[in-house]
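Beneath this line is the structure, given in structure tokens, with notes to follow.
Labels for the chains are A, B, C, D and E, by order of writing; each one numbers its residues from 1.
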Amino acid sequence: MRRLYAILIAAGFVYMMLSFLGVVPGYGNIDLCSRVSSSFLLKDVSEQNAKNWLMAKGLETKSIEKVYGEKNKEDGCANVVTSIVVNYRSFDTLGEVTVLFTAALGVGLILGGTRRKKYGLLPNFVFRESTRILVPLIILFGAYIFVHGHLTPGGGFPGGTIIAAAALLLYLADEEFFLSKVSTGALEGSMGGLYVIAGLLGLAIGGYFLYNFLPTGRVGNLISSGIVPIVYTFIGLKVGAELSGLITDLHSEEG
Amino acid sequence: MAITLISILALSVAVYFISKLSWKVGAVINALAGAYLMIYLFTLKVGSSEVLGTLFGEKLLLTYTNASFYFSFVSMLVILAVMVFAIKWLDSQKYPSAFNMFLLMMTAASLGVFFAGDLLTLYIFWEIAVLSSMLIVPMGKKEARRAAIIYAVMSATGTYMYLYASFMIYSRYGNFNLAEVAKDLANDPSMPFKVTVYLLLAAAGIAKSGIFPLHTWLRIAHGNAPDAFSAVLSGQLVKLGSYVLMLVTAFFPTLKMFQGLELYSKIPSPNYFLLALGATSIIVGTLMAIKQDDMKMLIAFSSVANGGYILVGIATMDAIGFEGGILHVFNHALAAAIIFMAFASVVYRTHTTKISEMGGLIHKMPITFISYLFAIISLAGIPPMSGFISKWMIYQALVRKGMFVTAFIAFFGSIGSFLYVFRPLAGVFLGQLPKKYKDVKEVPAIMWIPMVTLVAISFIMGVWPFPILKPIEAMRADFAISPSVKIADASNWLVRGVTGSWNPVIVFNLFIIGFAIAYLLYTLFPKPKKVDLLAPHKEEGAPINIYTGGEYIYTPDLYQYNTKMYAGFERMYEKHPSWEKVLDMLCKFFHDLGQLVHGWFFRPSPSAYAFWTVMTLLIVFWVRW
Amino acid sequence: MMTLAIAIPLIAAFLAAIRKSWGYILYAIAAILNFILSLSLIGAVPSIHALGGWKPPFGINLVLDNASFYAILFINAIFLIVAVFPDIIGKYATVMLVLMAAVNGFVLTGDLFNSFVFMEIISAAAVIIASKRENYYSAFKYLIFAGIAGSLYLIAVIFVYTQTGSLNMAQAAYFSFSQKSLVAITTLFLIGLGVEAKLFPLNGWVMGVYGGNDLAPVILSTAVTFSAMYMMGRLMITIFGGGVLQVLYVLALITMLAGELAALYQKNLLKTLAYSSIGQAGLVLAVLSKGKEPFTSLAYFQLMNEVTAKLVLFLVAGYLVYKYTNLNGIFKSHKVLGTAFSIASFSLVGFPLFAGFQSKLRIIMEAFKGGDYLLPALLLLATLIELTYLIRWNVRLWFEDQVEEGEKGSWRHGFVAIALAIFLVVIFFFPNIYLAPASKMADAITSVSGYINIVTSGLGGM
Amino acid sequence: MVYWISIILMGIGIYGLLTQKNLFKQLISLAIIDTAVNVFIIAAGYVEGGKAPIYTKALPSFLKGAFVDPLPQALVLTAIVIGVGVLALGAALLVRVKEKHKNLDVENMKGVGE
Amino acid sequence: MTGVYKAIFNLAIAFFFVLTLEGIGRKITARVQRRIGPPWYQSFIDVFKALSKHPFSNGWIFDFGVLMALGGAIATAAIVPMGSTFWTPFPNTDNFFVIMYLFAVGALGMAMGMVGSGNPWASIGVTRALTQMLGYELPYLIVLASMMFYYKTASIHLLIEKQAGGWNLLVMPIGAIVAFISLLGMLGKKPFDIAIAPAEIASGPMVELSGKYLGLLHIMHVFSIFVEITLFVDVFLGGGNFWWFLLKFLIVWILAVLISSVLPRFRIEQMLKFYWGVPLGLAFLNAFFVLMGWTL
């Protein structure tokens, strides 16, 4: 009987969402120029006349605009998504980082323990040996991901998770392995603090919180687009530390 | 006026801290403040008005009319007596300092109600009075906790209906001032508006003065409140309700307002509805009072009945009926105050309010007995005391209007009052004195002086009622009640009614002459030999334990006749429909509703929450799409 | 300057993550700094702050108009008051810091997606706070509720994005949506925000979270509820122009009655107060959903009164419930706490001499003037039910004969509670202390063009 | 088309929430709803025939229909991480709930009063 | 001053005339029970014998009660007009309600005194008397109220003048019947002597009275009989000059005695049910007629 009601309600919900879909423009045929992201792609946000954009009147659209390899554009990242994530809407990311920070903190408070929970199952030999080889590589790959955040897809968050995966691997491989919460906490806190300090520096120098005060360099180079790579490394390390801290908590039990 | 009221309110808070040091000093300050207020009443000039302050852009007005003088005088009389009474009585209480504070705060608030010139000020002071009295009630017995809650809720229902009506008026006429509202209501075209406003405003009065539908709190609150406070509660607080009822029926031009609705002998139907409620509360009050075994609950029900008399008096829309009703406010206030103070002194000594456990206290507490005797003579409405005058006037109005059913109920009420008034007299004071009260002493002087003074005042007003009738006549002139006939004819000592007049002084003199003749006859014939109820005769030498009727009694307590005194009569209305059960069912309904809401919507399982979220989404979608 | 209101608590939180022991001190410093900062912002009221230097429709901007100014002032004041109690906060100082940053951000932000992120932070932090004193199951239920609400809120944000082309609130306010899209968006937003604003069917979690421990009700029912009501006003009135107000009105009335009725049934003190806060939220929402000028300012005035009273009630209740098992007559040995509790409960009911009187009677008066006869009737009925259980509790706490031996009360609770209680009485005599800010807030929220002008004029600088 | 998938996923998530007795399964269905919403966001940003919005040597300049809308992708990045955060918290809470109430089945959890 | 002389004359007539009537009453009941019965002056002997004996007293409340009872009765007897305006001691104060309630003072005094004696018989008797009062008083008052409404006055001597045209007995026959039945209740004669009930509760309140008190109470009883019957005669039979009044008084008394000597005693509930059944119904019927104006 309950299932029948549940199906009915779920179907009702689906019907409702479908009828809401009428509002959203069809799948795929979106006119980018009517959206803000066109100027993100063209990296000419400062030129746009914000007032009549707000009034949704004047949308200057350029047809072709060479971006790659240009010198000190408004924002140097080749990967436009990263430019949005860390430069144009970096406040979101700051919020994002705090969510993860709260989650890790919360898990620490709820499950906080000082000793490693022993499950007593010995991983097989091949697994133990291969982790010793793989872990450095994984960490290197993770570091590569968040260092090249502004060039290649992926950035601080995927990089950090890869590092945390390495930590998880170590946990699985070895019963005795136990990361001390103090170290992960310190790393996490310092990286987060540095990120906010970078924002405050932007406020001090450029007059706006999280302002990109370093030169943006040439689009496509490794050292380009100001503080974006630096911030992404902070985020990468922070997320790595947090998630490994999270895994430690999940593996820990009362003292 | 405003400064005195606010300063008294401030003083009440100060009294709390003073009586923290020693409650005696606090009680004395209270009494002095009461005395000051009493004198202050006489210094005020009738008709003067002041602005208390502004609230939501409306001026809060305090006007001092004849009505406010009369009602404040009656309240101050009762409160002053209780304050003096409480000076010694408080040592038997657990919370003396809080008692002093809230009593003074309630005094100021009730004076505020009587002085209020507009609906909003009246509401403010009314709420303060309810709040402070609500916090004194729970200081009494175990059951008093529940009593306070029931009292709070019932007076709140009445007050919130009043508030609703006063804002309806405000949104229609734009001001709260009583005078203007009366004028606007008079020539307001829409009848349903006027009737609803009238009934809603009256609801506050009904709730407070314990008229039929909302009367159950009286029994519990009076029965369990601290004893001295139930004197104030039934003597003075109930009069707030009567004041509002008077405002609504007499001050507002109800005759002009309900032009077409004359139901019976020129009484408009809403007034007749209130009159009917008053009549029902007389019946309920009397019948229930006869049944009670707890003496305070008995007198509480008598307050219900007398509240009914006042309402019947006012609602007859007749000059003499109105005066009777208003005079009955004075009589009942004094009588109830004296009786409750007498009971307080009895409880002060015997620590029980059950009639069946007491008896023969007359030998130990003669003064309390005398004051109680005179109070019940006035309460039952027997000639030499003032109670008779007001009842006589109400009968005149009822007879003139030819309302025989109400007349029957009024007669039933007054004869019924003989019965229930006599029950504590016989049960508590007369008959055998149980052993455990052998060493009971009379109450200290500070406690019986206020009782005796109130008795004296009531007695004088009974013999020479004209000084108390003067302000009532003035009040009647203010409201211009229909046949403006001269009632209190002081020159030749006559109280004129519809069906002839009578002279209280001659009646009193006759009674005295009759008493004198009886005494003469008494002394002529041989002296009686004093026989104590039980004690052996010392003078005779040999201990002859002669009990009346020559029987030798081993267990005298058994012979005290105070349980189920009117068994014959009570058997007639054994299975009576109790209104309290109806109200308890109503509370139970709300309680179950709460349980249902809790069970249904706040069930512990998350899937229920998801269910409700999606359901709201679908409903809002279905409604708006 | 206004970003500091968010930056300071964040830095403090990260520092606290490094050294757990500094938690409470950092919290205290952050609270004081934040309060002073929000006071100093009075000069820069109608201004915006484009984050990262990018103009509003592109980047995220913080808007500081009258409404958000008084909101953050009030919220930071609450955080400062809570800072006085280290024993309640205990090891949750870092979470409180994050909560402070999130609530400030939630109120200041002018960007829809950013408000979603901050809402998620608030619910995450609230879940952790709710799990204090082993209250895990209710915290989990709250998490489920917040999760569903968050996803609906996110869908609504994306709908707005597909319509207006940008995530900015001012643009959404200016943009004229089609009837169908307005309905879709406002329904989803209503449910999204409804959970946090304790709307009727969505407030199942309140009993568990508020009734579960002593920290959660003090901070959640005051600061977070205030921000939720502010956001409800901002979204429903300024940006989407009252698309769903009638529905909100009906739901809010049901909330009011349901909350009061459920409270009538409760035996535990904290749970009763939790349900009464639902009732009060229902009242504020009902008045807010009228949308027009006199009502919105009265809604916020009532909200301010109610939050102050709730703060006192929950402080006293939280302190006592976890100190004694049987609460009969406990106020005899805690006289100061008792008086504060009674004054706050009388102010909630609306007795004269207390703040609640001013706001409730004005609401009734305006409702009558507006020709609405239903709201006053239901309000008075709800107040009557509220009177019953509050008086029942007051009488039980004061006058029942004491069962447990009462130890010495903590001076902190006593001082703060009695100070707030006296403040409530002062508001009765000088209502403008709360009424003026409330009406300024209401003006800022109801005037859509004002909001857009602030954002556009703010651009002048760039 | 992708919209349909995301909505049906949401329907499944809701169905899961409504019928599942075990708390962990409810948490998982919550995660399903989160992923459904993320899919919806990505679908909102898709441009017909558009490529990933990264400038490379092969795709140096901005063409009219060349790129997919980058903003939803940035938003989804945050939304995913929020989903993870909520999931982690939920899991931690459930560990404690299992400890305290002995089992995760809604009906017979010990110690869950009214 | 003439009022006071008239009052004293009232009392004298009340004392001597009613005592002889009581003697005659005893004679009639005896004749009904086919025995000779005591001489007509027997009541005088009883009173004077009782007054001369040494009584017992149970405390000051017992004496005060008796005195108050007698005082009240004397005061009421003094006011009541005897048959015509000439014989009204205080013309402007003989309002019906005043008399009825002044009468109550006497009753209350007696009740208080008797319960003060501490004997349970007395208390039971008093409660019965009060319940009985509840019974007979109401129909009586309703009838009187309707009469006042009809004649627009309550003072007895004016009522007498208004009856010049036709006795009230004929104008409102139903009212008269009801009044007579409640008169029986008031007199406390046989069918309604539940309060005194010699068989059940040893003469009820009188149980503790001995010697002088018994005499005084007897006198009080005499005065109350005088008041009750005079009221009935004035209001329903038109009063008339002095001798006519005494004749009517005698007739009413003989009628009451005849009825009482034949009927057995009611129980309390029976009495109340009886009074609140037929008489009350008739009283309301009479009030209805008066309201409609269909009096004869």
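The definition used in the following text is that a residue touches a chain if its C-beta (ideal position, glycine included) is under 8 Å from a C-beta of that chain, and two chains touch if they have at least 3 such contacts.
Nothing here was measured: the structure is a model prediction, and the numbers come from that model.
Asker: Looking only at C-beta pairs that count as contacts, which pair of chains has more of them, C-D or A-C?
Answerer: A-C
Asker: Taking mean CA positions as centres, which chain lies farthest from subunit A?
Answerer: E
Asker: Averaging only over C-alpha atoms, locate the centres of subunit C and subunit E and give their separation in whole Å.
Answerer: So the centre of subunit C lies 79 Å away from the centre of subunit E.
Asker: Once you find the CA centre of subunit A and the CA centre of subunit E, what distance in Å lies between them?
Answerer: 108
Asker: Per the centroid of Cα atoms for each chain, what is the distance between subunit D and subunit E, given in Å?
Answerer: About 99 Å, centre to centre.
Asker: Please work out the Cα centroid separation of subunit B and subunit D, and write it as a whole number of Å.
Answerer: 69
Asker: Of all the residues in subunit A, which ones touch at least 2 other chains?
Answerer: 9, 13, 17, 24, 30, 35-36, 40, 89, 92, 95-96, 99, 102-103, 106, 110
Asker: Mark out which residues of subunit E touch at least two other chains, giving numbers and ranges.
Answerer: Within subunit E, no residue touches at least two other chains.
Asker: Pull out every residue in subunit C that's touching 2 or more other chains.
Answerer: Residues 113, 117, 120, 124, 127-128, 131, 136-137, 140, 144, 148, 155, 161-162, 167, 180, 188 of subunit C touch two or more partner chains.
Asker: Each pair of chains that touch: what are they?
Answerer: A-B, A-C, A-D, B-C, B-D, B-E, C-D
Asker: Touching residues of subunit C toward subunit A in the complex: what are they?
Answerer: 3, 7, 10-11, 13-18, 20, 49-60, 91-92, 94-95, 98, 101-102, 105, 109, 111, 113-114, 117-118, 120-121, 124-125, 127-128, 131, 136, 155, 159, 161-168, 170-171, 174-175, 178, 180-181, 184-185, 188, 452, 455-456, 459, 462
Asker: Quick one: which bits of subunit E touch subunit B in the complex? Just the residue numbers, please.
Answerer: Touch residues, subunit E against subunit B: 7, 51-59, 61, 63, 66-68, 70-75, 78-79, 90, 92-98, 101-102, 104-105, 107-108, 111-112, 115-121, 123-124, 126-128, 130-131, 133-134, 137-138, 141-142, 145-146, 148-149, 152-155, 158, 207-208, 211-213, 215-216, 219, 267-269, 272-273, 284, 287, 291.
Asker: For subunit D, which residues are in contact with subunit A within the complex?
Answerer: 1-4, 7-8, 10-12, 14-15, 18-19, 43-48, 52-57, 59-64, 67, 69-71, 73-75, 77-78, 80-82, 84-86, 88-89, 91-93, 95-96
Asker: Over in the complex, which subunit A residues touch subunit D? Could you list them?
Answerer: 2-3, 5-7, 9-11, 13-14, 17-18, 21, 24, 27-30, 32, 35-37, 40-42, 62-69, 78-81, 84-85, 89, 92-93, 95-96, 99-100, 102-104, 106-107, 110-111, 151-153, 155, 157, 219-220, 246, 249-250
Asker: Please name which positions on subunit B make contact with subunit C in the complex.
Answerer: On the subunit B side, the touching residues are 55-56, 123-125, 127-128, 131, 134, 138-139, 144-145, 148-149, 152-153, 156-157, 160, 163-164, 167-168, 170-171, 590-591, 593-595, 597-598, 601-604, 606, 608-610, 612-613, 615-617, 620-621, 623-625.
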